[in-house]
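Single-structure report; data block below.
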């Protein structure tokens, strides 16, 4: 994954202050994970620029890229970096783009509230737990002192960014346990784990944060001691390897040609941190947004 | 009494003759052609669907062998070594459909019989539209009903039931299609001529005997048609199974486990993460095609059955 | 020479009557079942969502804050969608029905069209979504507009309307047609002035039921990919928009508990719309109940 | 236009007693002071009629006079119409059938009915005939076969259909269908057979066949037949009742009615001055 | 059973010429050698009939003999039945209507029809009457008003409905509905009026009214009426044709037919020996 490479050598103009009234459309689609952030941004932006028509779709990261490649959207949201196939197609279609980071999502591993024996796990244990070995797993298979009861697995659908990320860093592309229960809807997973004494599951941090009283979170030991997912640990990068960045990709052409898109993108960068916190994600360190802003200014030249 | 040649300065026939010069005949010739065109649109839609599906399906079959697709027993499109055997999705779809049928057919038919044979005209007029509301409730609403009401209730009764299973969405899909069976079958029952019923009553038959042995067989073709239509709806139902069925493709015949249906898979990929142009992307068209062929076969079967059952009167 | 033993017949009678009563009870229970489910459904949704239902809910666009989230864009969007679906599907549906009932000769083309329509009635809605995406959004470049989505939905409900209209047209008594022909009316005049007016209640009830399906469908629009967040209203059929069921779906998948109530409130609005449409259908049906 | 129905009753009684064969025959139906309303519409007014065993009783009268209503009351088929109200009583074999404790199913097992339009079930000829016996619990195949043969012979249609018993009844002509309906009715060996214009939808030849059949059947059954065809009534019935506007204008031996009617209106109707 | 239809024709002609008033009247319909099949079913056989202006021609015969089929052929309504085949010709005002170049719409504008069951449109009384004029392009409100009044008066129903012209026609009684249908037919001032058992669904009083009306109408129109009621034919018609099994058995002055029929079968039918 790389950022846009549209280095036309125009220099000069600084930030336009968006006080003048803008019109036109800003069309966005992409990740359903990122959607709440973009919804919040769009909501605020419409308050500032009521004549700009901002629409945000939620067709998933892949679906978003589909439209982005076809040139149907100005920005596309992604819960993972662009894939090689996608970037090849983007090149083919001549779509130049720039990647911006918006926030972190910490993937939380949770168990049932009544589970008394787990409070932390190592990454290796996680892997042992989740990777398929052809047999039915009991807790005691992981640690002998744990009960001899069958584990119930809950995971986001295989086509989600969260699964994708988990697959990459924990499963390392090996198949997940076959009897895992998958669902597209994280709320549904919350209910699953909540209602099942021997359940373990994972999903976005926000879903844990909102249901703290119903679930028990598992701290993850990545060699540096067990870390519980919290705002701070995710933001600081301590909670590793399960915190992942969320992105938006903006079309360079749209920024250059449409004043409102440029203005909106700037607004996104300036407000993403605060607003992502509000909807349940974790903001990036300030430097990240500065970098984004610089990239944008490059484009606007 | 009739005094046409009195004060009138006109004769209707005369007036008609004058107007006749305006040619109507063109419209008469044009209209059927226009209407024919609208009728042909339905055919165009089908062609459109088939073409849409077929192109992308072909690309899919360049990547995955059609034999594997049709006979494989594993549907793991996202695995590092993906496998695309559609059977688990088909099994998931069938499980839901069969459960839905078990719920909807008896209840729907019993309702139809109650409304057409036992209920008063007034009751009928009140209940039928209420049931039709049931058929029109957005499926997404049903989905959460299944997940947050039916599943917990079932789990209270059978604690071994998984959070996601085939039973709960199956029952709820059944509830959704039940009014369709009830309403259409009721129409079929009502249209059985009264004289045939009278024939049975006059022999001392009770209402039940009349209904089961005379009216029901006479209306059978309409009833079969309604059931098939409803089951096609069940096969094609998406949101309920997506929400309450989980998304685990499985070959097992166990209905207490999580499943995935063909439709749920399409939605999963449509809203998901799959890259454009990937095998997964094309797989939804292949699954869509399978679904289409499925409903096609169902309908042809229905036509055949209903022709067979038809008792002329 | 009596083959029937009257005593035997008399003895059987009480059993038969009892079975009759028991089955009547069962049939009645089955009918109640449907009503009961409906009641539970309503009760749950109402208790969950009623608190959120106020004037602001209709005035606000979607929002990240549950207390400020509203259905304005989605409700208006749904109405716009109906504004496209209604004329398109009725025109095509009734036209087809008239053709099939009044003009079509018995030949293979006709039976093929008929077979085709009954097949379409069973095609999953999601497949129509794939069609709409490929044909309207992409090929005809209508984008994710009201028009593209409306046409997709029209196709989806078309078979239902055709079948209802056929039924209605068929049930217009022959003597009315004969009366019209007897006056020297042409076929089209007869259809337009006699058959259609008499068939209108049936057509409308079928139509409204079909439209209430269209208003509650989510899957095809998800596939077509209409956006979710919109804080403006469409000005023309070429504008983009969102609809109630998609908005509801989105709310239900939010992590915040409060959004579940917002979703329930949205469902109440959708159900109210649905019941309104059904009631209109019932009123039409009762008002124009066949008088012939 | 108003006629004093009640006053009529004694006349009828007397006439019957005067009739020659009456003392031999048992009464099947005794109707006394029967009134019937469809909602507000007073369709039968003070009907008093007695009907006798092994006779053909014809009911004639112009359209809408209440013939069908009356005959449907005799097996309580009228209850299928919503909003019907009756007063008075109809005694069948000395028990009041209008009493709700009288099970209609019992009544109709005794009293068969043949309708204006042939209404066979959309089943095979065989199944049509055994429908009645079967619902009454007769399952023995041999007995059923015998019933089918006997009933079809009784309805004078056996020869025409014996080779196609398992074909659909709708393949028969109208007249054959009507005789099948009669056979279906005979299969439960009723006591009385009601017929509501059984020939009005049939061609003359079929009509003739059915008329002959009725003559035959009265040896074993009591028959009450509605007809709008006075000639038919004259040809086949023993007694005739003339209805007008829901009242019995005259009831008497068929010969008397046709040769020497008591009432001016009867005469007018019979001579075709109206109706 | 087979009857030589063609041989009949001259007889009819001669008889007509013998009839007293014939020399005054113009021929409206001349049917020659008409045959009609429904699929395989030969429903009309060698029909030869002439019908005259300002006369009432009655067609009688038992059920299924082809009366309705024949009268529907006279305005080609029969074409609505699929699979009908005709041979021979029917001349209306000297032009063969069975010729496909004859536009049915033109024919039916000249030849009105009244049906067995009253079939008003589910519209207001007013709209029912103006239906015909309107489809033929007459839009002038004043003319339409005049037409309504004139037609309703012509059908002897004006007084009963003049205050409720804009109410739904289904609020009328059966007899009124039938007269409304006649009015609707009069509204286009046809030349001939065909009536297929127009009173068979009506009560005696309504029947009487319509019979009177027919007598009135024949001053201005030629009327062809099908009836299963011989008395009715005798009461109102000038000529009567007796159909049997799709053939014309006898056609003559009504008086002749009823007092002195030529054919044994006619006599049998008229005296009620069958049918």
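Letters A, B, C, D and E mark the chains in the order given here, with residues in each chain numbered from 1 onward.
Assume contacts are C-beta pairs under 8 Å (C-beta built on N, C-alpha and C of every residue); 3 or more make two chains touch, one makes a residue touch a chain.
Owing to the predicted nature of the structure, the values given are computational and were not obtained by experimental measurement.
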Check every other chain and keep only those touching both chain A and chain E; list them. B, C
Among all chains, whose Cα centre is located farthest from the one for chain D? A
As a test of understanding: of all chains, whose mean C-alpha position lies farthest from that of chain E? A
Mind checking the centre-to-centre distance between chain A and chain D? Centres are C-alpha means, answer in whole Å. 84
Could you grab the centroid distance between chain C and chain E? Build each centroid from C-alpha atoms only and quote it in angstrom. 47
Between chain A and chain C, centroid-to-centroid distance (C-alpha), Å: 38
Going by residue number, chain E touches two or more other chains at 106, 109-110, 136, 188
Could you say which residues in chain C touch two or more other chains, in rising order? 16-17, 186, 189, 222, 225, 252
If you look at chain A, which of its residues touch at least two other chains? 32, 58-59, 63, 185
A full list of chain pairs that touch reads A-B, A-C, B-C, B-D, B-E, C-D, C-E, D-E
Chain C residues touching chain A - in the complex, by the definition given at the top: 61-64, 138, 143-144, 222, 225-232, 240, 242, 250, 252-257, 260
In their complex, what parts of chain D are in touch with chain E? 62-64, 200-204, 207-208, 229-232, 234, 272-275
Contacts from chain C onto chain D in the complex sit at residues 2-4, 8-10, 12-13, 16-17
Please give the residue numbers of chain D that touch chain B in the complex, ascending. 75, 77, 80, 82, 104-109, 112-113, 115, 117, 119-123, 131-132, 134-136, 168, 170, 181, 184-185, 188
Residue ranges of chain C in contact with chain B within the complex: 16-17, 19-20, 23-24, 26-31, 33-35, 37-38, 40-41, 44-45, 91-92, 95-96, 98-100, 103-104, 112-113, 115-131, 134-135, 155, 158-159, 162, 167, 186-189, 209, 212-213, 215-219, 222-223, 225, 244-245, 248-249, 252, 267, 270-271, 274-275, 277-279, 281-282, 286
